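In what follows, structures are represented as structure tokens.
Heads up, the next two complexes both have chain A, just with different partners, chain B and then chain C.
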Partner chain A sequence: MALLDIKNLTIYYETEDGVVKAVNGIDLQLEKGESLGLVGETGAGKTTTALGILGLIPNPPGKVKGGEIWFDGQDLLKTPEKEMRAIRGGKISMVFQDPMTALNPVHKVVDQIAEMVLLHNEGISKADAQVRALQMLEMVGIPADRANEYPHQFSGGMKQRVIIAIALACNPEMIIADEPTTALDVTIQAQVLDMIRGLRERLGTSLLMITHDLGVVAEICDKVAVIYGGEIMEYGTLEHIYNETAHPYTKGLFGSLPRLDLDVDRLTPIQGLTPDPTNLPAGCPFGPRCPQHTEACDVKPPYNEISPGHFVRCMLFNDQAINTAGKESEE
Partner chain B sequence: MYKYIIKRLIYLIPVLLCVTLLIFTMLYITPGDPARMILGNDASDEAVEQYREELGLNDPFWTRYFRYLVGILHGDLGTSYTTKMPVAKEIAERFPTTFVMALLVTIFGTLVGVPLGIISAIKQNHAVDYLATTVGLIFVSMPSFWLGLMMIVLFGVKLKWFPTSGWYGPQYAVLPAVTVGLTGIASRMRMTRSSMLEVIRSDYIRTARAKGQTEFKIITGHALQNALLPVVTQIGMAFGTNMGGMIITEQIFAIPGLGKMMTDAVNQRNHPVVQGGVLWIAFATSIVNLIVDVLYAYIDPRLKAQYVSNKKKKAQAPKEAKAEGGAAA
Partner chain C sequence: METNQKVKKKSRFREVAHRFAQRKMAVVGLVIFACLLLMALFAPMIAKYGEDEQDLANALAPMSAEHPFGTDVVGRDLFSRIVLGSRVSLFVGVISVSIALTVGGTLGAIAGFYGGKVDNLIMRFFDVTHAVPTMILAMCICAALGQGLFNTMLAVGIASCPGYARMVRASVMSAKAQEFVEAARANGASDGRIILRHILPNCLAPIIVQVSMGVAGAILSAASMSFIGLGIQPPAAEWGALLSGSRAFIFNRPNLVFFPGLFIMLTIFSLNLIGDGLRDALDPKMKR
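Then we have the complex of A and B:
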């Protein structure tokens, strides 16, 4: 059984200007010890999915409209708030996108790590929590003599290390990393990614990596889910996504990457803009931008398994489906 | 930090010098003859002229100003025209009353206003929030002289709970403190609310939630300290203003504070008292501002960095570089 099993998760933001359909029936599985990349453009619903798992959707305006999130045999959407607090940080922790703002500016770095330790280890003394916090800092490569400094005395990359130290402080079963390297410059990105990979290998933590960077995914993840308009477009192993790319959207994403091995003057971007989440197309959300668009795309395409473990939501692959039963998520 | 405080205290000297010059000039050009005021309309012109000479009012402006400055340097703020008492002594007599009042008002406004602001921010757009903001708006728009009179009518005359005027014991402080305090509550509440609303939407509050922290601790442990800065500024400013005497309120409740002393002195053209009072208020306000600025450093460590002198920063820089290198390795 998968560690994390999201079934048909739907999250809307109900604002005065209309209903923002951020996540529309997502299915995702993450096995124990595995790392899954959730790839998509800005506004595709990646962060909303992550916050949904932790039950941190700001409400109002956000609202989970339906679906199930099974984690360790427990439906998180039906878990009472008190138990959710034990799960947040204790079993699932999150690394946020912007290290510049994710740390409390008025608390010492060591205290922010120790806070996590104190919350999830009942009966631990403050002194022991501090010791554990110092160990975590050393683990992410920050010398302990800087523990009593404040976040503004740290560089961006070091802040992100602190955030990762906080996330790992209580040995969680799963980490959700929401674009952990987006706000960092390239050399620091590589360091942080190396560190995440190294720590994960050592600690065996499962990882849900949210990113828009296909390079990051290739480096860190075992499996990939491509999300667009709040729906999973394609899901499979690295092999499936990178070598047997099926969905036109995924192909478009690869087409817009600069390549070193080919001499091209211009990149081929995907035409058009991401759909307005208050007014999604009736059929395939990618339909209006798809170069292979046909009339068949005006109805919602089914989520087909085209080879074992490789799922695609596209009309083009309707007849190649080896198994659609149970994976149907049409309304 | 101490260096910063000493620097600020030295800056105080030119500020106070400017204050003396301004207030001295203003009083110099105000119409009305202090000698005439003191001696009354029945006094003969000769008597008035002789009295002017005695007070030194006939000397040129600069002579008088420098005489005044030299006096200040010797700790002499002049002598009150009416009571013939040293101004410094008069201020020292009045100041404790005003200080106690200002303290009461500030504590009352803060203890009620800040929690109300927090609640109203957490319950944004709920009934509690609407109620609190509406009541806040009403109190902030009510002039204190009217509110004071209404307080006297209701609690003093009708219900007879509290004495209406004078200053003979703690019960006399209640009505004036509440009158000024209510306005304070309202502004404190609105400031806390807006500052809190900004903070509770920030990323680090989300981080705290993702840690599994309880909502109560998130507000008290994470949000409040960050939201406090503008509130402390406001409290400091209000306290500074109140230290100068709550002029209208002291008048209404007949409290012998600095405010009443100042209004009386202005009416009587009692120049030394006005000058001394203004100088004292400027001094007190500056000190309060300094205390507020020092408090900032304890609330927000980012600001503390600005107070540390450059020399110290340079000494820290190599350490920083070393740590950075160590992290990268």
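Then we have the complex of A and C:
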């Protein structure tokens, strides 16, 4: 069984201006020790999915309208708040996007790591928690003599290391990283990604990497899910997505990346804008922007498996489906 | 990987104390306030005369070696009365602010953190009490509870709650929108822990400033209460009462107004300096 199994998750924000359909029936699996990249544009529902897993959708206005989130044999949507608190940080921890604001400015970094240890290990002494915190700091490459400094004395990359140390402090089974490198400059990005990959391999932690950067995904993920308008458009291994790209949206994403191996004068961006989530198209959400749009796209396309483990939600692949039943057959 | 290095940890208190000590003005404030406290503590030993020891023959005497600050209209030694009154004034100031901060601050923090209905309920209640001027409200409470030192502190404390509630609520609201609060929640912290450990330490600056000003305000409020006959009753000495009781002699014996005012000012001044220094010392970003 998969460590994380999301079935038909639907999350809406019910605001005064209408219902924002942020996540519309997402299915995702993450195996133990695996890393999955969740790729999509701004507003595609990536962060909402992550917060949904942790039960942190701000309510009101957010509301989980349906679906199941199975984690380790437990439906997180039906778990009481008290148990959820033990799971957050204990079994699933989250790395936030902006290291500048995700650390509390008034506490020393070592105390912030130790706090996480104290929260999830009942009966541990403060001194032991401090020792554990120092070990974590060294593990992410921060010398112990800087442990008693405050976040503002650290650079962005070091802060992100501290945040990763906090996330790993209780040996979680899974980490959700919400664009962990977006706020960092490119050289630091590479360092942080290297570190995440190394630690993950050593500790065997599963990773759900949320990003809009296909380069980041290629670097550290085993599988990729491309999300658009709150739905998974294409799902498969790195090979499937990068070499056998099927969905026109995924193709569009690659077309808008500069490449070293091809000599092109102009990039080909995807025309149009992401759909207004209060007013999604009735059929395929990507339909209005799709260069291969046909009349058939005005109904919801099914989620087809076009080769083992490679799923596409697009009318173009309707006749290539090896199994229209969807992902159930994958396990 | 093994961390054998002992956690060399300076305690938070020592660190803050060290940074506080580097601020000259803050230390000056602390010294003044400590002197005032010592004066209050050893008041009976410092004062040469009793609180209500009259010497009608020597009424309205000017400043002299015998009466350093002069005497009042019934010949009581002003210096002794100020020294003895410091006990009441400092006590009233500190306790009523503590009451206001505990009640108003807690409710304000809850209102700001949870928002929605809870916020509406608490803040509308404070809006109603805020509509009545603080003095009038304190008078009403005092009138209902009766006179006396404790009732005065309670009245002044309750009447100044809405201000603290508003201030704490506003700073909690701005602090809770920051990402580290969401991060704390994602790490599994409970609401109480988030408020106490993550939000309130980030709201200390405005709270400290308000408190140091508030003590002064409370001393003056208590003084006004005793002036209209609801607070501490004469002949008990209290700085505010000394000040207002001598108004009639402001032109021929200005010393009677000047000295009580000076002590009230010194208290406020020293508290403000301490508050300023403390705010800087508690803010890790000010570390040099």
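We take it that the second predicted complex is superposed on the first by the 325 of 331 C-alpha atoms of A that agree within 3 Å, B and C clash if a C-alpha of one lies under 4 Å from a C-alpha of the other, contacts with A are read in each partner's own complex, and residues count from 1 in each chain.
Rule of thumb we're sticking to: a residue touches a chain if its C-beta (ideal position, glycine included) is under 8 Å from a C-beta of that chain, and two chains touch if they have at least 3 such contacts.
These numbers were taken from a predicted model, which means no experiment stands behind them.
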When chain B and chain C are modelled together on chain A, clash or fit: clash
A:200 touches, of chain B and chain C: first, second, both or neither? neither
Partner chain(s) touched by A:157 [first = chain B, second = chain C, both, neither]: first
Partner chain(s) touched by A:300 [first = chain B, second = chain C, both, neither]: neither
Partner chain(s) touched by A:127 [first = chain B, second = chain C, both, neither]: second
Chain B versus chain C as contact partner of A:142, first or second or both or neither: first
Touched partner set for A:54, first chain B, second chain C, both or neither: both
Partner chain(s) touched by A:105 [first = chain B, second = chain C, both, neither]: both
Contacts of A:191 with chain B and chain C, given as first, second, both or neither: first
Overlap of chain C and chain B interfaces on chain A (superposed complexes): 54, 56, 84-90, 93-94, 96, 98, 101-107, 115-116, 119-120, 150, 152-153, 163, 166
Residue ranges of chain C in contact with chain A within the complex: 1-3, 5, 7-10, 116, 178-180, 182-190, 193, 197-198, 201-202, 282-285, 287
Complex contact set, residues of chain A against chain B: 54, 56, 84-90, 93-94, 96, 98, 101-107, 115-116, 119-120, 141-143, 145-146, 150, 152-153, 155, 157-158, 161, 163, 166, 191
Chain A residues within the chain C interface of the complex: 54, 56, 60, 84-90, 93-94, 96, 98, 101-108, 110, 115-116, 119-120, 127, 130-131, 134-135, 138-139, 144, 147-148, 150, 152-153, 163, 166
Touching residues on chain B, where the partner in the complex is chain A: 202-204, 206-214, 222, 225-226, 299-302, 305, 320, 323-324, 326-329
